[in-house]
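After this come two complexes, each holding chain A, first together with chain B and then together with chain C.
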Partner chain A sequence: MLVEHIVVKEVTKRFPGTLALDKVSFTVYRGEIHALLGENGAGKSTLVKILYGIYTPDEGEVYINGKKLVITSPRDAVAHGIVLVSQTPTLINDLTIVENIILSLRHYNLFTRTRRVYSEVYSVLESLGLGIDPNTEVYKLTYTQKQMIEIARALLLKAKVLLLDEATSYLPLTEKKKLFDFLKKYVKKGNSVILITHKLPEALEISDRITVLRKGKVVGTVEKKKADITVIRRMMFGDTEFAPEAIKQRESIGNGVTLFIENLWVKGELGEYMVRNVTLSVRKGEILGIAGITGSGQIELFEAIMGLRKVERGIIKIDGVDTTNKDTGFIRSLGVGYIPDNPLEHGLSIDHTLAENIALCPKYSSFIIDWHAIRQDADRLVREYGIVTPSINTPIKLLSGGNLMKMLISRELEYATKLLVAYNPTRGLDEYTANKVRRNIKEKKAKEGLSVIFASEDLDEIFELSDTIAVMNSGRIVGVFDKYRATRDRVEELMVM
Partner chain B sequence: MASISLVVVKRVKPLPSWVAPLLSFTLGIAVATVLLWIVTLGRTDPIVVLASIGRALAMPQLLLKNFALLTIVGIGLLVSFKASVFNIGGEGQFYFAIIAATWIALFSGVGAIAIINKVLMLVVGVLLAGFWALIAALPRGFLGIDEVPVTLLMNYIAYYIVDYLVFNPWREPKYKYPRTPTIPEESWFIRIPGTTGTIELILLTVVVMAGIWYLMNNTRLGLAINVMGSNPNVLRVVGINPSLIVVSSLVISGMIVGIAGVSYLAGEAHLITIPAEACTPMLGYTGILVAWLSMLRIAYVPVAAYIVSALINAGINIQIAGAGKASVVDVFIGTILLIYSISVIFTEYSVKIIVKR
Partner chain C sequence: MYIVQVLSTTAPLMLAYYLASLGHSIVEKSGVLNLAIDGVFVLSVAVAFAQAIYTWNNPLIPVVISVASSIAVGLILVYTTSKLPVSHGAIGLSLMFLCYGLSGVIGVPARTQQGLTGQEVGYPISPVSSVWVLLYIVVVGLGFLLHYILERTKLGAMIKASGEDPLVAEALGVDVLKTRILAGVLGFALIGLGASAFELLYTRIWREGTGIGHGWIAFAVSLSSGRHPLLGIITAFLFALLYEYRFSILAVGLPREMADALPYITAITAMVIYMATPLKTKLKTPKSLGKPFFKEERTI
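For the complex of A and B:
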């Protein structure tokens, strides 16, 4: 028998210049995993933030267990058993995992022993398949690991309704499987899950029903049994044509070496070697994809290339110029674009506007900023990548997660003339935009000879985008394959070896 | 073994930014008035105090000088605060500019040629003030040494250097008072009749406001200073050296404060009296209040400066009315700043407690 757990009725939410939700109604039944899908900026995060009390609706009502509720703060929401794992991690960097969790848990109080919490946290992390010591400081974790910690925190909060805003997208396969098994058991106990994701196959695999949002409106809700991926795509994107896949990749690779790395050793945040004796080269017009589970040294490798982390031993050359331990400004001036691991912390200043974030980059502006020219650049990027924003003078923290990422990618891709260094280049993008970004990258490499080194926690993306695939494991390159010779099984095997 | 730690957590929904300034002005004046009434056992009549403040607010011509000086200092400090660099050294930079300007006016030999002298006083004053700020800026920028104690201590060093100079080589020869000779009248800024201000001071205020507005809004340095304050990591990644931005913001800050120093000498004091630590108009410190109350927005600096300079004049009114000393205004300024600092923290953050055992 179906029991209504959460009912959202005619909810409308306006932001200055945006109608984020337009009379949205939908129902989550007790015991179901309900997927919430939609393109970037559709209003998914806004909807779950309303349920979590971060925003209050302008119009409309929310019922929990048949009772009308006005949720005005996350504290309220947690008291009603609703917990959000947000798109961007909210943990405090200087504290350890345990300390962070104590902070947010109400049933722990001043007199709770850290040691008791430690063991509870440990066992939840264990059940999620996470081998991280709960006493680790949060700043040492990767973006993906932080999201996993947030999931653990929500579970410890004894959530009855779990709102997962793109928190599962980048979990490594084994962890994801564990989490999904866990969620299935979890909803059997009468709990519910709202899952936001851009990975349609994932939504189809795990959810019971799917609701699609488009431009703030509900397009429809379908049962998983009756859904198929093309129908869902159509609901999400309408008749938008997906980019054809027509670029001949191989032919564009030249002979010159753009990025040359030899016997590289780089230390990580904890002072131990994260990059061990890595030798790699990327030719002109070549895309090198690095496959590897989170924390295999990809981030440290990229930071070293960008001059953001000290090279202990070894050489890095870009287009023949020795850039080992050189200043980041110098390295970027060679025409190197960069998409970092945590875009909101390292890539963009979210308090500033889209135009300002562009003007900050040396290539777009000289000492005196020509705002007229910047506006033209900004408008072009907005148009080209379909960035949804009220204006280019809106602080970008008001953009949706995917639109923020579009902003960063468009700026960096345009900035890069020689080399693009990218970590999870399509994180948070909807299928259509992710496709488009991959196509733009390929186009730029084919037409302008751009070289690319990227890492992705998504193997599909590695296979889709790379000319050459390198597998990284515990700081070492354990295999390099031509794309057409590599098999998924072999790559996965090397990743976890 | 138990240890307690306080953790400050950023609010998911910050309170609106005008809450803090409004609250601190109203509550600050109320609390300070009551406080004075209690401490003086009823001798400072709250009505007289409030009336004095009201009267001061209504007489702009009398607060022109302090208003303009505080606007300049406030703008100067704002440049460093924007980068999250806390220049508490306004006093030292102010006095270093005065040292330079005094030397030009008295000993350089150009003292009698008004225009050259004034320009030179400004240029050399600004440069020396910037140099004084640079001494604190370099260790902050490149070694990460906290600028707050450094700039604060350097204020006292500056006072003592002034005291030494004036007590020894620069002492006025006639009566041997602890002060310098008056600078030549040709080097004085020109008083606007009926007011406390001078023409040059008003011009400089306008130029400083326009110049800093331009710097902050139309140059990459200004943008980088802004970004430095909210996310220095981004600068590094984009390829801008955060150390250079820190140094620039503190040096520019000091230079602007130096303009106020020169204006104070040429428009108001006309000589240096010692001990500096007792004779200072304290604008370097009061300017901190002005900068904070403006919420670090250039357009609001004059507003904050107006209110604060009215409070300073109110102190004088209170003294005239016989209800207390002019220094009661320090109680007001201190209370407002205290309430402001507290409320600003609570608009953005809430505090939680963790006990570890």
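For the complex of A and C:
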């Protein structure tokens, strides 16, 4: 017997200049995992944020267990058993795990000692396979651990409905499997899960039903048994063609070395070495992919290359120029593009407009800003990358997460002439756009001899994009493979070794 | 014996500075930049004085009303800065000047009456009796209590969360406005208590402008302790000592301006030391201190 758990009826939500949701209706049954799919900016995040009380709908109704509800804050949502876990961990870095969790537990009063929750938190963390002391400050945790803390929090809140907004995107494979097993058990107890993901196979693997959104409207809901990947792709992207990735890669690699790193040592946030004795080189027109679980030192390595983090020992040369501990402006002026791990904080200025964000690129920043050229370039990038925005003069904080990423990638790819340093270059992008970005990178490498060093937690991407694969583990490079000689098993083994 | 004399003479001013700085720290830990502190301090001093005159030096009423007036001004600051997208600095400084003015309006008539009746206010702390020891006990006790609340209870986690990242705090289920109001009531009550101690235990006289600058010293005490309740005990003592013995410092030959600037030089030195050492992770400024906080804006 199917019992309606959540019913969304004709919900509309507008943001300045955009219609994010247009009369969206859909139903989640008790005990099901319901996947919500759609391209970037389709309105998936907006929809779950409405369920979680972060936004209130302009029109329409939400029913939980048959009762009409107006959810005006996350507190409200939690009280009704709805908890959101998003792609970016919603935790306060300077507080401990216990402190973060007690903030959400309403049944404790103001003067409850945090210690009282300690054992409760500890046992839930343990059940999720995390052996962390709950008194650890959150900033010391890796991304994966933070995501698991969020899930632990949801469990402690006795969530009946778990909203997972891209929460599984960057989990390493083993953690993801554990989590999926857990979710299957979880819904058997009469709870429900709404899962947003960009990975269609993932959605097909775990969900019971799939609803596809497109440009703020529901395209349809299908049962897993009747769905296959091409049907869903068509629902998501219409008749947009998926160009096959047929760019000849090997020939484009030249002999010159673009990036040369020797015996590099770099310290992390807490003063311990995160990059240990790394030696790497990237040839002209070569794409080097760094595989590794989050927190293996990739971020610190990239920051050192970009002059954002002090090199303790070792040498970095870009195109023959010694750039060790040089400032970022100088390094970028050599033609180096950069996609940082936290694009919103380090790559974009979200209070400024799209055109202004493009103007930040060094090539425009002479004494007088050439706004005419910037606007032309901005218009072109919006067209070429399909960035959904009301205009180039819109503050980019009004753009969806995927569109922000597109804007950053387009700018950096456009700017980079010698080297592109990228961390998770397709983070948060839908399948179509991610493919397109990979193709653009390959094209630029083939035509202009661009060298690329990138890191990704997504092994599929590593294998698809790289010419050479390096595996990083605990700050060291533990293996370098030619793409055609590397096997997935071997790489995964080295990652977690 | 010399130490006892130093400790006993420094006690009242230390108590005043410590209470006010502790209150200030709590307000700022919740994310509200408190530039109104000097004004609030001066206003509460005037209220304590006026009420002491009108109640014939009642030991309780002046303190209660002084604390209430401090809370009232504090709530205006906390409410406007947390509910509306306004600058914390602008509101804080405007309130400071408003309070300076009000302190005159409230204090001057009482001063006139004092001229007529000769009523004395306050309670001198004699170094001979051991009452001054009690003041230290109060300071240390409060220090530990507030440290416990901030580091070991849910309320403490809520206050710190509101100051670090109010949007995330809100998403985690904290009512940031309510938390800041709670922190504001507690904090400004302590500031009012500090001001009452300043008037009734330390100066025991009033003329227009009494207390001006001392709120800023409390501000500096709080800053140079990294807003830490226990470290604040040390910095409050140090600042009270520097102020109490400023004439002795002058006697050494230091120019007067230099002597006046000593508390601030100490504050800057302390902050530089914190930032240059591993202490910075424990004693850093709340990340969202003084930043306007709107809930309604679209976040990514």
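Simple rule for what comes next: the second predicted complex is superposed on the first by the 457 of 497 C-alpha atoms of A that agree within 3 Å, B and C clash if a C-alpha of one lies under 4 Å from a C-alpha of the other, contacts with A are read in each partner's own complex, and residues count from 1 in each chain.
Going forward, a contact is a pair of C-beta atoms (placed from the backbone, for glycine too) under 8 Å apart; a residue touches a chain by one contact, two chains touch by 3 or more.
Note that the coordinates shown come from a computational prediction; the quantities given were computed from them, not determined experimentally.
**Student:** Clash or fit: chain B and chain C on chain A?
**Tutor:** clash
**Student:** Can A:Asn93 be said to touch chain B (first), chain C (second), both, or neither?
**Tutor:** After superposition on chain A, A:Asn93 lies in contact with chain C alone.
**Student:** Of the two partner chains, chain B (first) and chain C (second), which one does A:Gly329 touch, if any: first, second, both, or neither?
**Tutor:** first
**Student:** Applying the document's definition of touch, where does A:Gly347 land relative to chain B and chain C: first, second, both, or neither?
**Tutor:** first
**Student:** Per the contact definition in the header, classify A:Leu404: touching chain B only (first), chain C only (second), both, or neither.
**Tutor:** second
**Student:** On the A-aligned overlay, A:Ala446 touches which partner chain: chain B = first, chain C = second, or both, or neither?
**Tutor:** Once the two structures are laid over each other on A, A:Ala446 reaches no partner at all.
**Student:** Based on the superposed arrangement, let me know which partner A:Val222 touches: chain B (first), chain C (second), both, or neither?
**Tutor:** The answer is neither, since A:Val222 touches no partner chain.
**Student:** When the two structures are overlaid on chain A, which partner does A:Ile54 contact: first (chain B), second (chain C), both, or neither?
**Tutor:** both
**Student:** Is A:Ile315 in contact with chain B, with chain C, with both, or with neither (first, second, both, neither)?
**Tutor:** A:Ile315: touches no partner chain.
**Student:** Report for A:Trp371: first if it touches chain B alone, second if chain C alone, otherwise both or neither.
**Tutor:** It touches chain B, and chain C stays clear.
**Student:** With the touch criterion stated at the top, can you tell me which chain A residues are shared between the chain B interface and the chain C interface?
**Tutor:** 54, 73-74, 92, 95, 99, 102-103, 110-115, 350
**Student:** What does chain C use to touch chain A in their complex?
**Tutor:** Listed in rising order, the residues are 149, 152-158, 160-161, 164-165, 168-175, 182, 278, 287, 297-300.
**Student:** Touching chain C in the complex: which residues of chain A?
**Tutor:** 15, 54-55, 73-75, 78, 84, 90-95, 99-100, 102-106, 108-115, 271, 344, 350, 397-398, 400-401, 404
**Student:** Quick check on the complex: what are the chain B residues that touch chain A?
**Tutor:** Counting only chain B, the residues touching chain A are 7, 9, 12-13, 218-221, 223-224, 226-227, 230-231, 233-241, 352-357.
**Student:** Touching residues of chain A toward chain B in the complex: what are they?
**Tutor:** 54, 73-74, 92, 95, 99, 102-103, 110-115, 306, 308, 327-333, 338, 340, 345-352, 356, 359-362, 365-369, 371
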